[in-house]
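By letter and in written order, the chains are A, B, C and D; residue numbering begins at 1 in each of them.
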Amino acid sequence: MEAAFEHFRLWLAAFLTLGIFSFLYKDNPWYKLSEAIFVGISAGYWFVVLFWDNFFGKFWVGAGDYTMQWLASVFTGGESPSAEGVDLMLWIGAILGFLMLLRLIPKIGWLSRWPLAFIVGATAGLWLINYIASNVMVQVQATMVPLFSTVFGAGFDAGSGVIIGGLVIFLGTFSGLVYFFFSKAHTGAFGTTARVGVFFLMITFGASFGYTVMSRMSLLIGRIDYLLGDWLGMIK
Amino acid sequence: MTTKAKELIAVAAILIFSLIFYLGKTFGWEPTEFSTAVSLLVVILLLASLLWILVLTLQGKLIGRRVVFLYVGIAVAMPLFMKLSQEMPVSPAVQGVYDAVTELEPGSKVLIACDYDPPTAPELQPMAETFIRICFQRDLKIIIMGIWPQGPQQANLALEKILAEPDIAAKNLQYGIDYVNLGFQAGNEFVIQRMGGSFKSMFRTDYGGIPYDELPLVRNVKNFSNIDYCFNLSSGFPGTVEWVQIAVDRYDVELGAGNTAVQAPTVYPYLSSGQLTGLLGGMSGAAEFERAADARVKGTKYMLSQSVSHIVVIAFVLIGNVAFIMSGRKSALKG
Amino acid sequence: MITAIVGITFVVSYFIPHFPFNRMDAWFADWFSIIQACAIVLGALNLLKLSAQKVIGKKKDWGYALVIILSFALITIVGLSEGSDYRDPGTGFDWLYVNMFIPLSATMFSILAFFVASASYRAFRARNFEATLLLIAAFFVMIGRVPVGDVITGFMPEGWRLSDLANWIMDYPQTAGQRAIMIGIGLGVVSTSLRVILGIERAHIGSGE
Amino acid sequence: MRPDFSNASIVFRHCYLSVVLALIFTLTISLSLFAQEEAAPVDSLAVDSLALADTPLPPTNIVAEDQPHDGGGAITVTWDASPDDFPGGKVKGYKIFRAEYNGGQPGEFTEVGDVPAGKPEYSNEDGNTTDGVLYVYKIAALNRAYGADGDLLEYLSDSQQSGPVTSSAQWFHMPRINVLVAVVLLSFFIVYFIQKAKTGKELYIRRIAGMEAVDEAVGRATEMGKKIFYITGLGDMDNMQTIASMTILGRVAELAAEYETYLDVPVCRSLVMVTGREVVKESYSKAGRPDAFKPDQVHYLTDDQFGYAAAVDGMFVREEPATIFYMGQFFAESLILAETGNSIGAIQIAGTAMPAQLPFFVAACDYTLIGEELFAASAYLSKEPKLLGSLKGQDIGKGVILLALIIGVLLESFGVWQLSNLFMVK
């Protein structure tokens, strides 16, 4: 029985793997079936994970369970539960989540706009600061480096390589930013700088393409190894 | 014959082919391995077909997507059958890990932190296997843990495989005495930080639920000061960067790391600063590590496929452009 | 209104280390994950509803819609019935994860390798100067990352080989371009956030209250 | 690393302190040389001749202070390294002990942490001190050695106590004042130009190639009688790219409603589905066709990255849309989607602020909005003066940065570092 189960396991995974691969040829029933299983399984997977990890793990363990016990103790006159590790602020999240669910009732569905407005506001506030600090200021500071010396204050000691490198970074950042100007026509000297900026952007894209491409192959090798090795035993 | 019929026949052929080999495997067929001559022939055939694609493209006949797909599939699969004679130097970064492990006294305790998941297993699993093998061969004690949920699971797969190897199996290693798997602990980098105080506070029980104090190997391990070497397998956050910042910088742990090719460059600076004793980067790192340990298995095998796939991509870029320039950049090619 | 107040509170909280402002972002992260957990009920119901409509109406491909419903039901029932240790090895949920979810998602991910090859063949053409730059950068980085690159340029002195060139491209022009993009994104986010907080951009909450 | 002299008084204090410390230090060492026996610290383990040789000298000058700019609950302790703390020296690390300080007497000391050798600083980052309670600290230099029977022995030498200290919370994070200035300045520019735009002043905005094509792309779908797909990416509503994507979706939906073309928005986050519905509904009524809106135009598939990619790929090949938009946060699935879209011959317009995915979109799509352009796109599409004004304000911010870059690099090159320090984020 166990052996039969093991056979089934290997074939199931192989069946699904080949089903997805078959899409490369064209859309077909095998792919459609694998796709439907994939959508159902993965939607269910995340449903379960979010339920146990976020709702149960965060809210229930952190606040909900305590509140229930506390309420029970109030009504029965028993001992109130220990408040260790309890964060009643989590209730706010639960209430917002509940308002979200009110969408299911069309009449009061508009209440769900509150949590949405809250999320969008908080996101805007948080990221406004984070991006100014980490994207703008940190990057500007990183670009402001001495052009002619290796260590700060060392005077004119750098080799040609470092000087060229420093210049390239400065010019690239500068012209790249010029490209992003929206309210000024890209003509004349300004336009030329913006065009240089585009060149730098293109080199960036090329380099990151070349860089990522290589690592993508390893996944394919892993899958083929499963098919030919684990499943069919053709290779070691 | 209609297309539909042809397709059905193709599917049937694949099924029958699979069935034959699957039954073959079940009844104990040996894995296929190409001899040097056959390998050479396959390589020549692959190159010849690339040339043929070049010629076709030059004539203005752009090959279809499906041909490209088929070609990539074959080019990646074939090297897996080949016996290897690819010589590659072992880079200092990889040698660093190997030297650090081999210099440990027998009986030393090694912590393996597995912070990766199945999608990156092709790159990191060979590293884990080789590392575990070296440890067992040199009678080092292994403590496994993970701050990625699936890391310890992957480590178990590796353990299972290495323990089944004849020379390791002969040592008759005991769980709890020679190796333990403490399992996963949620909390990202804070887990590392708390482990600096006490391992037990983070891992009350091991993977299987045995209480920490009932495991002879770790009973006397209080924190990082009782660990002789630490090896981190990482494919993202939290990973090697956090291990360096906390375990190395704050608790003075000696750390080596294995990373995916994508992540490795972000970790390189730690290597030159000495915060890492060594680094295995991507499949090539795994292959070099196997070479250093003189056990060429998965990583080495994968590496050939990896090289071939790189060449294929570069070749496709070149072919596309040669054809494009030859055609006088006039006709916009559509594919 | 809510958006504005909440937004400004979060901006201010960055500068105030005092309680309760120092806890704001941690709280928000917790609240958000709880809201997410509630909202996925809406998403899942929507998926099931659309699939069920297909099955009931016997529309095209209704069989696959049924498969979606069944596989969703299967993993959800198994996962929810197993308690909070649902992820441990040996559970049914783990079995479904390892033997169905992983092969599917790893395969879908690996399909990328094929698309990378076909995109390289088809799209990376030296159409104009910009495209040529992109191509050349990609080419040098790719070839610099395999041993072959150094073999070809082995005659050059150390430090001038292809792998060094690839590193140089990554370290300097690539960094510069990346930085320009990042600073630009930073400014774009700030401006968009302000528009949202000021209520000028309010498409996201739909028509008036 | 370059020193941060932003606070001159601290510099002065440090200089002064270090002179005093150097004196104390010399004294201690000379004393210990003359009288090894007396200076030998009290060992917490057995004091025998072996232990004596292995016991390091204790650290000196323990200073405990409230950790500044925090929410309370943390104390920073610094000390001067033990003379035995050098590479290869006897000190392997330090242990930190803490006791509550009541009525002028320290209570029982307990170990609260440890740091490796060479790092004479500790702060309880987990914030486990209670604000208002007085504490005293002492630091022990630690040496580890293997005894004759192979046991690991620890040798500790305690330092003097620190002065009593308590942790407290502050109301303003001083070192972050530069960020505050940046926020205020940038917001001022943006708000100023929004106000100015409201008065009706015409603003020039350069063309953004991808956005020029939106009309044409929607029109093409109408001519061909095919669908339009709008892909919002993997980000949830707590991501600015998704919020920007939602506003662009609004404009696209408006066009689609005008042209009477079916707009299909498959999403992979439930909150995005809810928001997307509001957005599309609003756009349809703005275009005067509220009856044409169907909630299920915006529908959820799965939260999983590749499950979503598989499903969307399937929809692409089955329904062959004429136009596909990709706006938002994308990861590895970008090329899977864009290549499939390309193979069915759709017009594709993409926009993302994920630098790693931009090259793939550039390769496989007809138009790509790069980084900041994604955030500018909604303003550009709407042609609303207020929104365009914010773009102008953003540009002024960019101008300031460019100017700062030039001046900063020049100053740095000639040895002046103050300007770049202003941009340091703490």
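Brief remarks follow.
Just so we're on the same page, a residue touches a chain if its C-beta (ideal position, glycine included) is under 8 Å from a C-beta of that chain, and two chains touch if they have at least 3 such contacts.
Keep in mind that this is a model prediction, so the values were computed, not measured.
The set of chains in contact with subunit B as well as subunit D comprises A, C.
Shared contact partners of subunit A and subunit B, listed by label: C, D. Across the two candidate interfaces, C-D and A-C, the one carrying more C-beta contacts is A-C. Compared with subunit C, the chain whose C-alpha mean position is the greatest distance off is B.
In terms of their C-alpha centroids, the spacing between subunit C and subunit D amounts to 17 Å. Centre to centre, using the average C-alpha position, subunit A and subunit C are separated by 4 Å. Inter-chain centre distance (subunit B to subunit C, centres taken as mean C-alpha positions): 23 Å. The centroid of the Cα atoms in subunit A and the matching centroid in subunit D are 14 Å apart. For subunit D, residues touching at least two other chains, in rising order: 179, 183, 186, 238, 240, 243, 271, 274-275, 278, 301-304, 306-307, 310, 332, 355, 358-360, 362-363, 370-373, 376, 391, 394, 398, 401. Residue numbers of subunit A whose C-beta contacts span two or more other chains: 14, 20, 23-24, 32, 34-35, 38-39, 41-43, 45-47, 50, 100, 103, 113, 116, 119-120, 122, 124, 127-129, 131-134, 136, 140, 143, 170, 173-174, 177, 180, 201, 204-206, 208-209, 211-214, 216-217, 219-220, 222. Shown for subunit B are the residues in touch with two or more other chains, namely 65, 69, 72-73, 76, 119, 309-310, 313.
Chain-to-chain contact here is organised exhaustively, every possible pair of chains being in touch. Residues of subunit B touching subunit C in their complex: 62-63, 65, 68-69, 71-73, 76, 88, 118-119, 149, 153, 156, 207, 265, 284, 307, 309-314, 316-317, 319-321, 324-325, 329, 333, 335.
Contact residues of subunit B toward subunit D in the complex are 65, 193, 196-197, 225-226, 249-252. Residues of subunit A touching subunit D in their complex: 20, 23, 26-27, 31-32, 34-35, 38-39, 41-43, 45-47, 50, 100, 103, 112-113, 116, 119-120, 122-124, 127-129, 131-134, 136-138, 140-141, 143-149, 152-153, 155, 170, 173-174, 177-178, 180-186, 201, 204-206, 208-209, 212, 216. Of all residues in subunit C, those touching subunit B in their complex are 87, 89, 98, 102, 105-106, 109, 113-114, 116-118, 120-122, 124-127, 135, 138-139, 142-143, 145-148, 170. For subunit D in complex with subunit C, the touching residues are 69-72, 169-173, 176, 179-180, 183, 186-187, 190-191, 194, 236, 238, 240, 243-244, 246-247, 249-250, 269-271, 273-275, 278-279, 281-283, 285, 296, 299-307, 309-310, 332, 335-336, 339-340, 342, 353, 355, 358-360, 362-364, 370-376, 378-379, 386-387, 390-391, 393-394, 397-398, 401.
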